[in-house]
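Okay, so chain A shows up in both of these, paired with chain B first and chain C after.
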Partner chain A sequence: MAQIQDTIAKLFPEATFEQDDTLLVNIPDAKWHQLATQLKENSELAFDFLVTIVGMDWKDKMGCIYYLTSTTHNHHVSVKVTTDNREEPVLHSVSDLWAIAGMFEREVYDFFGIVFVGNNDLRRLFLSVDWNGFPLRKDYDENPALNPVSTDNERQTDFSTAYYENAEGKVERRVVRVFEPDDFVVNIGPQHPATHGVLRFRTAVDGETIKKIDVYMGYIHRGIEKICEKLTYPQTLHFMDRLDYFSAHPYHHCLCMTIEQAAGIEVSRRVQVIRVLMDELSRIASHCLFIGTYCMDLGATTMLFYTLRVREQILDIMEKTCGARMTFNYECIGGVMQDLAPDFVDDVKALLAVIPKNIKEYNKIFTGNVIAKNRLEGVGYLSKEDAISWSVSGPSGRGSGWACDVRKTNPYSIYSELEFDEVVRHEGDSMARFKVRMDEIVQSARIIEQLIDNIPEGEICAKVPKVLKLPVGRWFRTVEGCRGTFGVYLESDGATSPYRLKIAPPCLPLASVVDHITRGSKIADLITIGGSLDYIVPDMDR
Partner chain B sequence: MPYEAWKDNEYIESLVKELQDNGANVIVGSFDKLINWGRSNSLWPLTFATSCCGIEFVSLGAARFDMARFGWEVARSSPRQADFIMVAGTIVNRMAPVVRRLYDQLAEPKYVIACGACAVSGGPFKKSYHVVMGVDQIIPVDVYLPGCPPRPEAMIYAIMQLSRKIKVERFFGGVNRKEKQEEFLKNHPIDEVVD
Partner chain C sequence: MFDFSIITTWIDNLLRSFMPEWLTVVTECVLIGFVLLLAYSLLALFYIYFERKVCAAFQCRIGPNRVGPWGLLQSVADMFKILIKELISLKYTDKFLFALAPYLVILASMLTFAVLPWGNGLQIINFNIGIFFLIAVSSIGVLGILLAGWSSNNKFTLIGAMRSGAQMVSYELSIGLSVLTMVAFAGTMNIVEIVEAQDRLWFIFSGHLPALIAFVIYMIAGTAETNRGPFDLPEAESELTAGYHTEYSGIHFGFFYLAEYLNLFVVSGVATLLFFGGWMPLHFPGWDGFNEIMNYIPSIVWFIGKAVALSFIIIWFKWTFPRLRIDQMLSLEWKYLLPINLFNLVLMVLVIAYGWFI
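Showing the complex of A and B:
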């Protein structure tokens, strides 16, 4: 940590430093792009993974906090860039350094109206072009009359804007085309069974070959981050279930850990074991559903029935303990809501007994099938460098050879004591992404096996004040969700509700990278590639 | 399910009573019965889901809950071949025109089930700036199904309620719910599409 600070201080004397849970570098906007280039390209720093960009409104100023990780040195840094101009906030873009930054900046622009100079495609991301105001600003007027629900078709545009600096250093606006005038654009979605939710691809095709895809999101943007600012900390928890509803437990776990860290609450070992057990059970259930729906997309309908059999068994276990099949709301601040059901251990053991048999069966039905091989092998290649640059984490990133499992790189809870392998494959195609998930089921089962006989006794929930106030500060934590690195950024001003709760979902990069992967492949492969990335639309839209 | 177990819906009971009070023609009434029997036993849903409820809808289609038992298994991806929309999940401002268009594309007779708390009233997202507070603001709803998400059994119950509603419909001599629908569409017009 000190070494990073020295290196940066030597290069940029104007930078100031703060020490939170990560090192925070304050840098003026004029120097930001230079610093970013150094952070990425200096071999001592090598911050090649942009975890998220947190847009912020501090009332007197606006700005962004960039969270960066180095995949070679496994160290972290955050950079804060601010501007005083509320009317026309302008910052410099880093979309030329990290491919995913372009999409993250669009998100910040959509929520805060901060313009990024140098971003070549700065449109609104989740809200329509006619939307009044920027919702996550603190002075946003929420009067529904300003932005009424309309049943008229949304105004569409084929143009985007780019901002650049002219010779005198003034910021100018330029209109850029999303599609060329003679492009043939096919609209796929939002109501389409193979987009896994309400996602829309505007696909420019040349014959059957894909030229460009414009990913159009926001069909399930519910404004969770803004709602959280109006609720108390325990109330914000239940939204984690409704983001990626398959990773409800890991996401809950992440927010609980963040709040517990901020409030200084220690959780008992029993709670940690229960949470990890639930995380891994969710992972198995999630991957099972992935395999089922993915094979169904490719025409192998039977697989859905086979995989849902295991999923239903897990949901039964969850239901007995948590009381619900999907939106559990089980983890709470300081522990878990209720104790394990009396026959939890027996049920899980029964599950562990059937998993190897099932995996064998799935492989027999699908993985070795010649049609499956033809459709998956070599389709949708993503290199390791691109996976990192696009922040494609989770099983999809590991299919490209990037060892990005947060449980291994930054172990949280009790993961450092557990024995399991990180599944990494190097082919980078759809088949690799599929097989990674298949193997992760086995590894999750291995983790559960180690814990199921050793659930310690203890309290299930620590003493937490009825009215929870967090000290002033900021915290950022990541966990391994079922689809990748999930992060929560929490900033508190000392009140009972968060000043800002930013959710960094793994699925936004997963959907953004579709354009990059599919260029030049056939339109029929779009289903294969999109399915293999396994994004969940409510997670990316929030 | 025995008929006695159903007597929990005053609205449908009053519909049946009204029909019986007015008296049904022997021939037309018998045809009505035949048509409604056919319709109510082969309801085809539209494959439509925006969020969590959609996953329970998948479970409903799979082997354990098996909606094929009731003749609903043919989930169509095109609205032109479907009989009803199960609005499974939150509808947000951007999605609203799409849902309305899907509804307009359904062939008559068409039905809507508002599935889950979000579709019924906005649910947990009541304080949001970008959520439609109940899908009944944009399309007429036949059955409201609470839950977050509703269990597959509840979904079965909701579709059974719908088929029960269809059974008391009149095909010859005026469709009793059609007037309500026309009135709704008149009050919720779509302007000319402007480019």
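Showing the complex of A and C:
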């Protein structure tokens, strides 16, 4: 940490530093792009992974906090860039350095109205084009008359805007086309069987070949971050299972850990073991569902039933303990809601017994099939550099050779004591992404095996004050969700509800990279590639 | 072996005894049309039920089991539902072509019924270019699909229709060539004669290697021709929602649906005719007692039984394999099946010329 601080201080004397759970660098906007270039390209720093951009409104100032990680040195830094101008807030874009930054900046623009100079495609990301106001600003007018529910056709535009600095340093606006006038644009989505939810790909095709894809999100945007600002901390938890509904447990786990860290609550060993067990069970269930639906997208419908058989068994286990088969509200601040069901251990052992047999069967039916190989191998190649630049984490990133498993890079809970391998493949194609998930099921089963006989006794929930107030401060935590690095940024002003709760979902980068990977492929490959990335729409839309 | 022509001749003579020549022909046409339609819809009902049960078995499910005993009436209920559904008329479509397309598709599959060897003496027309007629009329179907895709004025249907056009035109070559191989072996295009030539031994056995190759290619191409998985790209639901028939509703959609099932039957029926002796019972030279016993099973049971067994294989493909991509599918046809087929034709000619067959 100190070394990073020294390096930056030497290069940028105007930078000031704060120490939270990560090092925070304050830099004026004018120097931000230079600093960003140094952060990325200086080999001592090498911050090549942009985890998230947190848009912020501090009432007197507006700005962003950038969370950066270096994949080579495994160190972290955050950078705070602010502007005093509330009427026309302008910051410099870093979309030329990190490919995913363009998308993250669009999100900040959508919620805060901050304009990023140098971003070539600055449109709203989730809200409709004619939305009035920027909802996450603290002075946002919530009057429904301003944004009435429209009964007309959906408003949309084929134009985007770009902001750039002219010779005198003044910011100017330019209109850019999303598609060429004579492009043949096919709407894949929002109601389409292969988009796994209401996501829309505006696809410009030339015959069967894809020229460009414009990812159009926001059909299930529920404003969870906005809603959370009005809820108490225990209440905010209940939205974590509405994001990626297959990783409800890891997501709950993440927010619980963040709040527990902030409030200084210690959780018992029993709780930690239960949480990890639940995380890994959901990972198996999620990957099983992925394999099934992926094969179904490719036309091998029967596989779906074989994988759902295993998932069903897991859902039964969850149902007995959590009382639900989906959207589990099991973890709570300080522990878990109720103790494990009496036959939990037996059920899990029965599950562990069938997994190897099933994996063998899946490989026999699908992985070794010549048509499947032709459809998957070499299709949708994503290099390691691109995966990092686009922040494609999770199994998809590991299929490109990027060892990005948070359980290994920054172990949380009891993961550091457990024995398991991080599955990494270097082919970078759809088949690699598919096989990574297949192997991760085995690794998750290995983790469960180690824990299932050693669940310690202890209390299932620590003593938590009835009215929970967090001290003033900011916290950022990441966990390994079923689809990638999931982060929660929490800023508290000392009240009972968060000042800002930013969710950094893994699926937003996964959907954003589709355009990059699919160019020049066939329409059928869009399904192969999109399926292999395995995004969940509610997770990206929030 | 019971000869059904006894019955048909008797009916013909009966009608002729009190009717003028032209009225007899008209009456017979109407009768045949009626029987054909009945057979067509009954077969469709059976196939829908059959596929659902088979696929349920593959997928560890039970399948339809609520309507009627063992769910037997499920497909009847489905058919009834399709019949009472509204035919939604869309703006901005080519109304005439839009309405015409499903009829073309169903017409093509129904016409092929005319030359299938249903049983001993039980076919609708018997003429010397039966096989040729079959290939010709089954090609009309692709026109219907192209029209459906085009007239719907929808991008998905258009892409689906284009895929279908490319696919069917390509695979028709393979079908044609493997049929040609067998026609060369039989030495005739007449359906009845082809069946009778297999009285001693089915072609798949007597033609050994080239017949086997032709059979495998025919089954692959036949699956592609019927737009069924793994060649169901024109209606790949995960890519093109429903492909060329996305915009159809009610019975117009039902026609496409029926035609798909019936084409499945036609393809397996023709395979039965060319490789498994049509309605001819299983005979082995020298096994007279066995042959005699086989003859007790009625010819119509033989034909439908064999066709359904072959359909089972095609259904099995569909529920096992993932879908191919358009370029892979076309390269399979043009780079592999077609050259193999041409080579196989030469092989068959050699087999015939040197008398290497059994």
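The criterion applied here is as follows: the second predicted complex is superposed on the first by the 542 of 542 C-alpha atoms of A that agree within 3 Å, B and C clash if a C-alpha of one lies under 4 Å from a C-alpha of the other, contacts with A are read in each partner's own complex, and residues count from 1 in each chain.
The rule we apply is simple: contacts are C-beta pairs under 8 Å (C-beta built on N, C-alpha and C of every residue); 3 or more make two chains touch, one makes a residue touch a chain.
A quick note: this is a predicted structure, and the numbers were derived from the prediction, not measured.
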{"item": "Fit or clash between chain C and chain B when superposed on chain A", "value": "fit"}
{"item": "Touched partner set for A:223, first chain B, second chain C, both or neither", "value": "first"}
{"item": "Which superposed partner A:297 touches (first chain B, second chain C, both, neither)", "value": "second"}
{"item": "Centroid geometry (CA): angle chain B/chain A/chain C, rounded to a multiple of 10 degrees", "value": "50"}
{"item": "A:289 touches, of chain B and chain C: first, second, both or neither?", "value": "first"}
{"item": "First (chain B), second (chain C), both or neither touched by A:147", "value": "first"}
{"item": "Chain B versus chain C as contact partner of A:525, first or second or both or neither", "value": "second"}
{"item": "Most chain A residues touched (candidates chain B, chain C)", "value": "B"}
{"item": "Partner chain(s) touched by A:176 [first = chain B, second = chain C, both, neither]", "value": "neither"}
{"item": "Partner chain in contact with A:190 - chain B first, chain C second, else both or neither", "value": "first"}
{"item": "Touching partner for A:538 - first (chain B), second (chain C), both, neither", "value": "first"}
{"item": "Which of chain B and chain C A:495 touches, first, second, both or neither", "value": "neither"}
{"item": "Superposition-derived minimum Cα distance between chain C and chain B (Å)", "value": "5"}
{"item": "Set of chain A residues, in rising order, touched by both chain B and chain C", "value": "192-193, 304-305, 309"}
{"item": "Residues of chain A that touch chain C when the two form their complex", "value": "184, 186-187, 192-194, 205, 208, 295-302, 304-306, 309, 365-366, 369, 371-372, 374-375, 522-527"}
{"item": "Chain A-touching residues of chain B, taken from the complex the two chains share", "value": "47-52, 54-56, 58-59, 62-64, 77, 79, 89-90, 92-98, 100-102, 124-125, 127-132, 137-138, 148-149, 151, 188, 190-191, 193-194"}
{"item": "Chain A contact footprint on chain C (complex, rising order)", "value": "55, 58-61, 155-156, 159, 163, 229-230, 232-233, 236-241, 319-328"}
{"item": "Footprint of chain B on chain A - complex, ascending", "value": "126-128, 135, 140, 142, 144, 147, 149-154, 190-193, 197-198, 218-224, 226-227, 230-231, 238-239, 241-242, 245-246, 289, 293, 304-305, 308-309, 312, 325-327, 537-538"}
